[in-house]
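Here come two complexes built around subunit A, the first alongside subunit B, the second alongside subunit C.
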Partner chain A sequence: MNTPTPPPVIELTNVTKRYKDTKAVDGVTLRIDGGKIYGLLGRNGAGKTTLMSILTAQDPETSGDVRVFGQHPYENDAVLSRMCFIRESQKYPEDFTPAQAFKAAALFFRNWDQDFADRLAEEFTLPLKRRIKKLSRGQLSAVGVIIGLAARAELTFFDEPYLGLDAVARQIFYDRLVEDYSRHPRTIVLSSHLIDEVANLLEHVLLIDHGRIILDDDAENIRGSAATVTGEESKVAEFTAGRKVLHQDRLGSLASVTLEARLGAADRAKAADLGLELSPVSLQQLVVRKTMTAPAGSAGVEAPAATDPSELEVAP
Partner chain B sequence: MLDETRPIFLQIAELIEGDIVAGALAEEAQAPSTNEFAAFYRINPATAAKGINKLVDEGILYKKRGIGMFVATGARTKLLERRREEFFHDFVQPLTREARKLGISVESLTDMINRSNSDPVLTERSAGR
Partner chain C sequence: MNRAVSVARMQLINKWTFLGIPALIIAASFALTYAIWLIVPNNVETRYSGASQAVVWYFLALGIQSLTYTFPFSQAMSVSRRTFYIGTTGLFAVVALAVSLLYFVLGRIEVATNGWGLNGQLYFLGWAADSPAAVQIMFNFLVMLALYMTGFWFATVYKRWRATGMLVVWILIAVVLVGLMALAGWQGWWPQVGAWFADQTPLSVSGWTALFCAVLGVGSYLTLRRATP
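The block that comes next holds the complex of A and B.
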């Protein structure tokens, strides 16, 4: 952590992907540093898969600058051989068996660990000799997860890799991911909407909404960056005046307002004096609050009288 | 075990501190490693490392190169001092605030503390009355 900053693994400058009239990715600028686990979060259709498809050269950008390992990834073997992309509905040759899929992966990924793949297959109780087309949805996902982990690629993308995996199998995935990453640090980009499950695994969070990055911060900075204030409406209004409101609910004379604010000891004392209850907001709740509003640019939340409406926009 | 709404590195640091204060982690004993914390709590290893490094910066833990992290001599005393300072606003202030709200006088609050200190069984019975 005290080492000098190495060059980024990924650098995007004003990248846009347009399909006819819609911008699936809209002017994204970001950098991804090596050796960290990133979470790419957002609603379905927010642009997560499109962004990963651009980075892995499956689908080129319409405009902007894309650098992966310092180069443009499109038709660039030097870059592509260093990365692994596991998609939600990964396609394999149907007559292959998982054993054959692993053999093919072993040829492509130079850091491939066959022992690790075998151990994972056992843990996921994956039938290695059954044809891929006969596998269940969960078993198919297990094939992808095993390849993504055992490949130990310098840059690994997991795009919602757990379709059909039950809670136990997902836990095996998370546990092995943390364990193996501890021993072999590398860059991992994990896209998920099971945010509560993955939150603690992430070092950095990228939140995408309507094709734009609306949150780009260390997971530890985000924890505690929002709070919900509940109590008598006028007291809540007094406390929240001038602060950035993410959401509010009302029940009779009771108000519950979610603030994007890091509350200090003085704030806590003030809330206590006003008889208000403060409750923390989890990453999942924060993501919901930030992405359930209207597209960036039009304030989606009604402002209390005391709050400046210009602060309500979700875009940075 | 971990609360997802506060920085996890702080919670990791607090867990280690708690073990030192309770005596479960003796001075000069080896603390669990970053990777052990990461695997046990299913957290990012960098986060675990940040919590451990916080305690190193504060002189609670120290690093033996190539071996691991150890509890510094005097760490327990240091932590106890800090905990006593925090006791006022973490416990006493909320207590007096709630007492005021319920109309409990300082005298009866003192009385309750005395009772609680001398006979936990009695306190329990009177609370149920």
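The block that comes next holds the complex of A and C.
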């Protein structure tokens, strides 16, 4: 080892993936140092799966520079063998049983923990000897979740892993994920729609929209980065003047405005004077508000570092 | 290299599809042929059977299945396309070689037992009898490998370009074949073509088949390199 610090787990520079006339990933520049649970959030078709496919070399990028563990992952077994990415619609060999799929995973993932896989299968009540093509949607998701967890890859991606899983099974997944992660620290990227459910797991949030990263911050920072102000309309207007507004609702003379702002003690005192109520904004609310304001172009969104004229045409 | 061996082991996790079925085909084709020879007695002249070809053709299916069933899964197992290709085609080359050796041994037994006691010819390659044993084994091996690679390459083309790819490939093949035939007819080359075919020896046929395998092998690899699961 010549370098004292290892390269970041993921480093993307201006990465684009083009399918005919749409850009699934559009000039993404991103650096992930690793060792955390990252949430990759965004709407359907925002580019989450494409981004993960590029990182795991399942789908090559059209342009830009992709580095995983400091190297380009495409056709690179040294890098690939340190990652695990089970797709939402993962295909398994015809006639394989879950037990056989786990046997295959044991061949390829050097940290594979068979006992852990067996325990998880029991908790998910997964029939190990039934053909995978005969499993229900939830059981199929469980196979992917178990491989992703028991592989203990240094960089693990979960792509909407809960499809068809009931609330209990999802809770088991979240619990085991956090438990195992604390015992075997690694980098986990979890893409999800159910933001409220995963909000507490996430240490860092990446929000992708129309193929671009529009939010990249620590979950802790994000929690304090917005607030909702509720009260009489004119007072609310006085308070919010000159601030970034993410969303507003009106009901009669009452207004409720979501601000993207870090409120300090002075702000809180002022709000109290005006008789306004301040409430925190959940991660899900913030994601929804940010995503809805994003395509409009200005409000609350920082322009990406590398801008090019073609970005105006990405709206579907 | 270790991971290529792991790919081969992954292909064999479900032994039925890739080993059980070929073994069953070999056993059934022999049993059925033997039964027919028993039912229709005739000890005067040698009775030929093409039943031993059954498993050879199955290599076409093996080529298609080994790509279609396991390539998307191998991607989830974080295996590069190159490693998947080496492990998979390497495994089936070994299987083809094993079947060729088995057929060679069965052919010797056939000769020694006067055609299984029934004057039959199922495994012995009469037309290649004068060639060295290695050429006889090589011929069967290369034919199986060529069929395997054909199936593998077609499955890869389908994986990468779907129905459009299939359509384009078949049209291209048809255009090339028709073009060659038109050229031969127009230039009056048919007698030479016929003579060329008549001149082929077991060794030269093996050589051409090997060349065909190499072209398919390179084509498959280049097609697979940019395929997505």
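Points to keep in mind about this one:
The working rule: the second predicted complex is superposed on the first by the 289 of 316 C-alpha atoms of A that agree within 3 Å, B and C clash if a C-alpha of one lies under 4 Å from a C-alpha of the other, contacts with A are read in each partner's own complex, and residues count from 1 in each chain.
We take it that a contact is a pair of C-beta atoms (placed from the backbone, for glycine too) under 8 Å apart; a residue touches a chain by one contact, two chains touch by 3 or more.
Source: prediction; values computed, not measured.
Judged by the touch definition given at the top, the superposed model places A:241 against neither subunit B nor subunit C.
Once the two complexes are laid over each other on the shared chain, residue contacts for A:179 go to subunit B alone; subunit C is not touched. In the superposition on chain A, contact is made by A:100 with subunit C only, not with subunit B. Touch criterion met: A:76 reaches subunit C, while subunit B stays clear of it.
Judged by the touch definition given at the top, the superposed model places A:254 against neither subunit B nor subunit C. Within subunit A, no residue touches subunit B in one complex and subunit C in the other. Every residue of subunit C that touches subunit A in the complex is listed here, in rising order: 3, 6, 9-10, 13-14, 16-17, 65, 69-70, 72-73, 75-83, 225-226, 228-229.
For subunit A in complex with subunit C, the touching residues are 53, 56-60, 75-77, 80-87, 90-96, 100-101, 103-105, 107-109, 147, 153.
Against subunit B, the residues of subunit A that register as touching in their complex are 1, 36-37, 174-175, 178-179, 181-183, 185, 196, 199-203, 219-221, 223-224, 265, 272, 275, 280-283. In the complex of the two chains, the subunit B residues touching subunit A come out as 2-9, 34-35, 38-39, 41-47, 49-50, 53, 89, 94, 97, 101.
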